[in-house]
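The following block contains the structure, expressed as structure tokens.
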């Protein structure tokens, strides 16, 4: 319970269901005096928006965000910021047939057992639609971090199925619907998604998020390490099953002599640590990877049970993404921004203004 | 700041440095009436203890835990439990030569830059010695979870370097110093660690933790998902660089039709989800994997800088583990226990007593 | 910062300014399965509403509450409840002349100095209009407490100026605009308020709130005592300058032999403790008193300074209550309900379902 | 549950029972680099200590505080500070006869009903002995506030029984065992306490705490107002039944024209607000009053029930204060210091370093 908030000082609390009236959030702890308008939030909302390309869900949501409080005369006033996005294209009737069925890979079963009641319309609160408010709140953090500290947060698709995408060109990321940084992979990606749509199946993905110009000193010993808070934030995103910082799981078969990042007068000689030492930012780029499972809503028939405990077959029609990873980049960026913002304020509180890198 | 606590309802707050007077913790929210004695905690403390085998650090710490409050007449009284372990074998002089040097791969540099002051003795607060109180607190949670709900939490070494260890025998895990569940790998493990000690290098490791008999319904939408809180708890352990739930990163190249765990009247047909759907426990075994980097304190000479910014060579002597992963199993179990305990109380608060599986 | 939330498990987070677009809140930790409709909240909102009588501010606000999430099929779903009330009668132009003036007794000066920016329209976030969401959230708690535990929370005007009102008739409280429980005082009250409106001055008030049928055992040692949390909640209401539990300040000249509430087989022989012993509810009626200062927005001319630091005269016109205490009863009830709800859940988490009285 | 912490950023968590092994606390969020030694804490501990004068309990406790962590090289290191005080004069046998009796006015009954188990030795966790760690933690806050911001926090006895003590001389407060600021009342106080000891009864008291040089801007809208947090902190002290800010309950019969503190170019013309406007510090002296009930442990025989529900007579022998208010001044100062410290850090986090008055 009381699990709808994230952050200690810069705290985001959200509400809203996939096919309810509206989604919203309250952002507490926003520094005063930041110029803020809906346009500042809309850019990332549009990057996340379903229906933005033929590769994602055809659900049409304009995702127009309303700033209901906390901004006065065009700048943040220091009081809590209320945001709201109305659901303009809900189609609850699409879901009436799964009302009594627990879709495999979804939260239907666990919500029903936990609460004894379940909003079955598109997964209700468990829907990835919930992330829209994360993106809106994260956009405020991103803006502040960039303007106040020069911190830049960006993400890209690093793998989908067997197709690995190397970071070759940040600019390219925004120019294709896959958030792919490697032009040589675009054709394969297109073919893969088309094929999946044809067969009605889905695929997993790996996303990488990077923050540059993070000052040294963010992160709190011992439980609220920066990496621990990042892991929490990223793992809380729908469909995420794994989080890595820097070298991640590849450290398992590395030697200490190879993995420790040696330091010279020119700085760190490598960044296996992913920008975090002892849970505290080191001034190197902060690097996190996350694994997203394939969408469970697919047309390939599958077995499940209904509320009466009987075995039934399921085919999920409706409007769904063949790869949720394709929309996860702005979400992952937002989560990293929220965590960095929170830790920037925490560091300022205890130790004073962090020094830029 | 204020980062030394974990858990919302079952809350553990710790203090203590590697070579200070003592380490301790306060555990708040312990249900009353649980029989509790130091012996209940000692077993796991001994499993974690350095000097317990020839494969780990020869530092001699008896790690005798004192229960200072919260227990009356042999049972918990519902008030905060204070625990303390005195450091009996501190050797701060071992560290005088690294007083002005930032050891690569360690938190020396980041602590110094964050706080402007640094307890250089064995890493101070950043030392893995800090985890001793996690294990003590976790033992209380483990006891309650087992007695009250039948939940059993166990971990094992699943990989070290290139040696993969399959879960073949839970009993074996407690009978060898590697926490290895596969008898056929013991010889290779022994050879690997001996070799590392000889060359003065270290290696990474992968640990797996499993909780069985977890009731359905633990975990809070949307930020405090059970997997998100587990990721936070496990990533907060020293040296951890990656956390996976269930299939983890292998989902990246899985199809939805393959990865969704179908359900029949006989239950789930697979457990790629690792026991969590939509952030809520499903009643299946809860499975988490974590990657620990190789110890950075090694005898292989390396480059670093000192406080004056000058390049210096470093060779870390002192008493160190060639693989921190070898002591991480009890720590990871403790973290999972703390999180499950917290969520058991949260579920009880909002929805009433969770039903056993 | 991050001060817009109250409650640990049953947590209410609010946003909104007096003359902004809307006010809203998110309520986290609501038990699932409670029947809930806007009508459940509207009754208390109407009791608090300005313009409800000729004795209070003539500002016309319909205060129609929208439930945006967390309710499905007519019952709470266990997910966060989003509420919103639009401001239908904002008149920001009424305030343009105080844009540069710090009204004495108001938060104008402190908000400006704290944040460097100030929403001057009716006090912005500092306006008592903010309490509308407290009442809405409190109504949910009140409903649950009554239905689930039989707890009844009611308040009344106990003093205004020199007129003391004794609790003679609970029914009367809802039948007069003063929330007065003593029919013999109604005429005096009417005369007092009329006189104040004529001279353009205001007066303080004392409110008493009582909760009956509170189970024994609510309240947490040692900082989150039930009385401490109540004091926090009640003192956080606009204009409150004092809070008492039970005998309150009258204990200062009482003897121990007189003040301790003796116990016999028939129960407690008195209730100086106000239903709380050692910070934990005793099963006796929970009694709190609060003092509200006179409205600072009055027509009697006063001295203050403007943003340039120059002395200016001020006469506050606009739509204001001659006694804010006259609208504080539903607010105080709501705050007590939120705290009791939070502690009911906390007790259930640690010790199981509290036994009814 | 989880009620043993206070403060959001500067967070104090305590443990310990009256007649247990030790009491202790963990202080999280302490800024690094503050010179700190046990002597810094001892002064206030001695002011609070029982047995310090013939007017208070003759229990002999040296209250020697040990700093177990968080200080390195004589200064705070930014990590959590662990403090411990051993109980050197416990006499649990004094309490064996009340093992089965619920002392009226005490928490015996409520603890037993809440937890099902009760440490009956001197009240266990409910004993005022618990406040020793508040004083220790508060001393750190007091030191920082004074050195960093010039904030001075002092308290005095303002009333006991019918004897009112005016603030005539701050120096006198430390020179008499009553914390009385008015030399003309010392003889009456002495006579009152002697008389109470003779008849075995007790009396209530009123304490006033004042913070000077508080910068403008501390306090968070809307629930974590500075006054709300102060009320919480002060009401959480044993025996406190009422809290006032500034004019407190006297506002009930004040007019707005009289109560609002007018402002001129020379500053505020009065301080009915007690230094807080809209929940935010105004730069004027912060003034709080608290009412403490008479000690319930008295020799005057009284009626109560035992665990079997039978009526029994009770006479509390043992070592008790005739007026707990006489030791409450350092405790109240400590609580105000903790809250101000917390809000200083909160303000710094969101808005930057507060400007001195």
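Note that the chains take the letters A, B, C and D in the order they are written out, and that residue 1 is the start of every chain.
Going forward, a contact is a pair of C-beta atoms (placed from the backbone, for glycine too) under 8 Å apart; a residue touches a chain by one contact, two chains touch by 3 or more.
Just so we're clear, the structure is a prediction, and the values are computed from it rather than from any experiment.
Visitor: Tell me which has more C-beta contacts between its two chains, A-B or B-C.
Guide: Of the two interfaces, A-B and B-C, more C-beta pairs touch across A-B.
Visitor: Suppose each chain is reduced to the average of its Cα coordinates; what separation in Å results between chain B and chain C?
Guide: 45
Visitor: Taking each chain's centre as its mean C-alpha position, how far apart are chain A and chain C in Å?
Guide: The answer is 38 Å.
Visitor: Quick check: how many Å separate the C-alpha centres of chain A and chain B?
Guide: Those two chain centres are 26 Å apart.
Visitor: Pull out every residue in chain A that's touching 2 or more other chains.
Guide: Correct list: 1-5, 8-9, 14, 29, 32, 78-79, 114-116, 125, 221, 345-346, 349-351.
Visitor: Counting only chain pairs that touch, give me the topology of the graph as line, ring, star, complete or other.
Guide: Looks like everything touches everything, fully connected.
Visitor: Please output the residues of chain B touching chain C within their complex, sorted ascending.
Guide: 8-9, 29-32, 78-79, 221, 345-346, 348-353
Visitor: Any idea which chain D residues touch chain B in the complex?
Guide: Per the touch definition, chain D meets chain B at residues 1-5, 7-11, 13-17, 20-26, 28-29, 32-33, 66, 68-70, 72-73, 75-82, 84, 114-119, 124-125, 345.
Visitor: Please output the residues of chain D touching chain C within their complex, sorted ascending.
Guide: Those in contact with chain C are residues 1-6, 8, 14, 102, 104-107, 109-111, 113-116, 123, 125-126, 130, 159-162, 201-206, 216-225, 227-236, 238, 240-249, 251-257, 259-265, 269, 272-274, 276-283, 291-298, 300, 302-305, 309-311, 346-347, 349-351, 355.
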